[in-house]
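The following pair of complexes shares a single chain, chain A, combined with chain B in the former and chain C in the latter.
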Partner chain A sequence: MAAPMDVSGENVRKFIKQGAEAKVYAENFYGRPCISKERFSKGYRHPTLDKSLTLQRLKAEIRAMSKCRNLGIPVPTLYFVDTSTSTFYMEEIVNSQTVRDYIVSIQTSDPDGAMQKLSPLAEKIGKILSKMHCGKVIHGDLTTSNMLLRGDPSDLDIVLIDFGLSFSEGLAEDKGVDLYVFERALLSTHPNTEELFKVVIEAYKKENVKESADAISKLDEVRMRGRKRTMVG
Partner chain B sequence: MGRLVTGAENPTVLYVSGGNTQVIAYLQRRYRIFGETIDIAVGNCLDRFARVLKLSNDPSPGYNIEQLAKRGKKFLELPYAVKGMDVSFSGLLSYIEEKAPGLVESGEYTPEDLCFSLQETVFAMLVEITERAMAHCGSQEVMIVGGVGCNERLQQMMEVMAKERGALLYATDERFCIDNGAMIAQAGYLMYKSGQTTPLVDTWCTQRFRTDEVEVTWRD
Partner chain C sequence: MDFKVTHHLYPNFSITLALYKDVTNMEALRQCVMKGEFEATLLKPSMICDPFIVLTAANRAVYLDKTNKMTTKNVHSEVLYCLSPTKNITDSFRKFGVGDKDNSVFIVLLNDLDGAKMEFIKSKIEGCQISIDEVSNFKDETQVKKIYKVTDLEVNTCSLSDVIVSRVASKEFLTV
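Coming up: the complex of A and B.
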């Protein structure tokens, strides 16, 4: 298959963002708005490790995206994978913002009412994560930047992205750690969101009472491990 | 403390020692922990591996691993566990603890190779979570503190990462990496200057505070 860029004569690759390990571009895939994500090599890593991680993450990302799609969890549609450049092409979620930007904008415009305004969103997040974990997908990098809100924020149309650290696993320990990573990311990025995280967890439980119990007790356990660690250097 | 010695403005800090592994950045009056280990500290992981190889404790197990690693050539792929901005070392440690004796005995890998592979892997994890935190906070400065921060290979890897992102690595030298007394004195001085005082009788030392528990009154 020819590289998709060759087909559209007027494809312009627009650089969007450089994350920790990938460059993200907006372009055009046979006339559709598309996002491409290219993992680049890291000079600080041993070449063997570098190659292995880059390929592993590309594979993990596309595998989890198709799994989530089958589970009915909204993710961008995958268009094309090019292992030679460690790049994949996916649907651009147009008319969207990150959950991070949305939370920041609400917390800035209405600090006192923020908790109440953001509650339905937190509930929706809990529900999606529960569904994802029941389908044995561990995201691996849950942050508010890796969740997009499509269209009107009150529609709560959340699209999950950035599955490079994901893996397929049904163990409670992995689910607990996944939730812990999200809690830490939420609290460190958005001050005063402890209550909001509780809403996430309540909804997570409610979505699947049977399977969520173990994951949540693991979450508590992982938290305790953190607190017990002394600061003695 | 690190800021005083290096003149850095607002760096992302990797704090790595025998008991701690944290990525710290300053946001809204608190040093916030963006990443940390979810099980054992990196220094602990290195020390325990040194015991497997029966390396000496003089001057420190970590130093001896570093010296052996310099002569290692053959890279063994080890479990690599980055979870968001957190890391986990326990899986890697049990893997290498179990495999090491056999690999050395069969001559497939030398102890030098194993030290090299271990360092390359754990340091790559540390540099990666530091880079993730920098990307997350939009930070262009980075600093390493704590005992493991003395490792030259870790500093070198961090330097390469910083260069690739157009950021700056601030080095704190050995004297300050490990001198807790000087760090406490500097923190006390800054608190005093910001008007936060404690009568001498009520003043004592505790290591109990977690990095993010203390309200920072001496910075904006």
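Coming up: the complex of A and C.
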């Protein structure tokens, strides 16, 4: 069970990506491939505010990840948190592809049978989202790029990543918005996936009939008005 | 046979791990550490299911030392505290520190780049050194799961070792 610790490799930080709030690097953490995410400071914010916001968001991200782990949702293993530079180090999910790439590859190789082939995946996604929402975790940025398929895609071993916008909330409103964000992301990145989203929702309902009903009805409401609540009256 | 690495953030700070079995003078060893004859962390091997967990705890302890955020008195006791899921120091020592009656010990030694301190400690131990990877043979899984409050739900998604590594790394943000 103990993984051999090969520490001969020198630690070199390799830049991968930068988003609005953080930079992501690949490196080596005592012999294990690791991803580090550094929330950089924003020069346009007041230093005190900047510090407290960055720390708050780092905390929220780490808490959401461990909450998901407690709920039995696969997330990367956390290795180390450095609050002084607002960086955290987590396991790199090796031998994986994003759900996005997988859907694209299936859709191009077999456009007619895609729906059928992707159904089990959609079901699994619905199940995971339902579990997550039951545990009062709102991901905040559900896209097909933030879901990884580990190993053989047919194993449906989905790992959720990027909890940078997540928060803890049990309100149906937030769950509805979370689902709506995912629907928009799915439909805009992958054409003709309306049916697939229906499968996601069906599985979402089935996993927890009692609690999902409110979220689904909120989803319909959010669809009519968009993600932001109207503040009239 | 000991395992030595330099700290992830501070390359001039080393972490050395070693595992001993059939130790006959545990009581004397503990006295040595308590009297300050040498500094080291003496862990109970039955509480460790993977050396990597100790490495994450030691990594964190050194970091806390360097940033002046330690909870305990010195960096070696901080390793023990980092490893433990509770915020109670005495409790951490009792659960993860080696006891007088134990006959195996997992040693963590920090800041020993030239290996001199390790040599000194080795001269004090009456026991047989084995590879740190063998620590999994000593583990008391039920006890480990109980202390870290690991649920079956978690172990289904990843290994017990990974669950604990995450716990150790996120300790300061979790309320127990």
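By our rule, the second predicted complex is superposed on the first by the 202 of 233 C-alpha atoms of A that agree within 3 Å, B and C clash if a C-alpha of one lies under 4 Å from a C-alpha of the other, contacts with A are read in each partner's own complex, and residues count from 1 in each chain.
Methods note: a contact is a pair of C-beta atoms (placed from the backbone, for glycine too) under 8 Å apart; a residue touches a chain by one contact, two chains touch by 3 or more.
Everything numeric in this text was worked out from a predicted model, so none of it was measured.
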item: Touched partner set for A:Glu91, first chain B, second chain C, both or neither; value: second
item: Which superposed partner A:Thr48 touches (first chain B, second chain C, both, neither); value: first
item: Chain B versus chain C as contact partner of A:Lys210, first or second or both or neither; value: neither
item: Chain B versus chain C as contact partner of A:Ser145, first or second or both or neither; value: first
item: First, second, both or neither for A:Tyr180, with chain B first and chain C second; value: first
item: Doubly contacted residues of chain A, that is, touched by chain B and again by chain C; value: none
item: Touching residues on chain C, where the partner in the complex is chain A; value: 3, 5, 8-9, 49-52, 55-56, 59-60, 63, 67, 133, 135-136, 151, 153-154, 156-163, 165-167, 169-170, 172-174
item: Touching residues (chain side chain A, partner chain C) in the complex; value: 1-5, 7, 11, 29-30, 32, 59, 62-63, 65-66, 69-74, 77-84, 89, 91
item: Chain B-touching residues of chain A, taken from the complex the two chains share; value: 18-21, 42-46, 48-49, 52-53, 140-143, 145, 165, 177-178, 180-182, 184-185, 188-189, 191, 222, 225-227, 229-233
item: Contacting residues of chain B [partner chain A, same complex]; value: 17-20, 27-28, 32-36, 38-39, 41, 75, 77, 80, 82-86, 88, 120-121, 124, 127-128, 131-132, 134-136, 146-147, 156-158, 160-161, 163-165, 180, 207-211
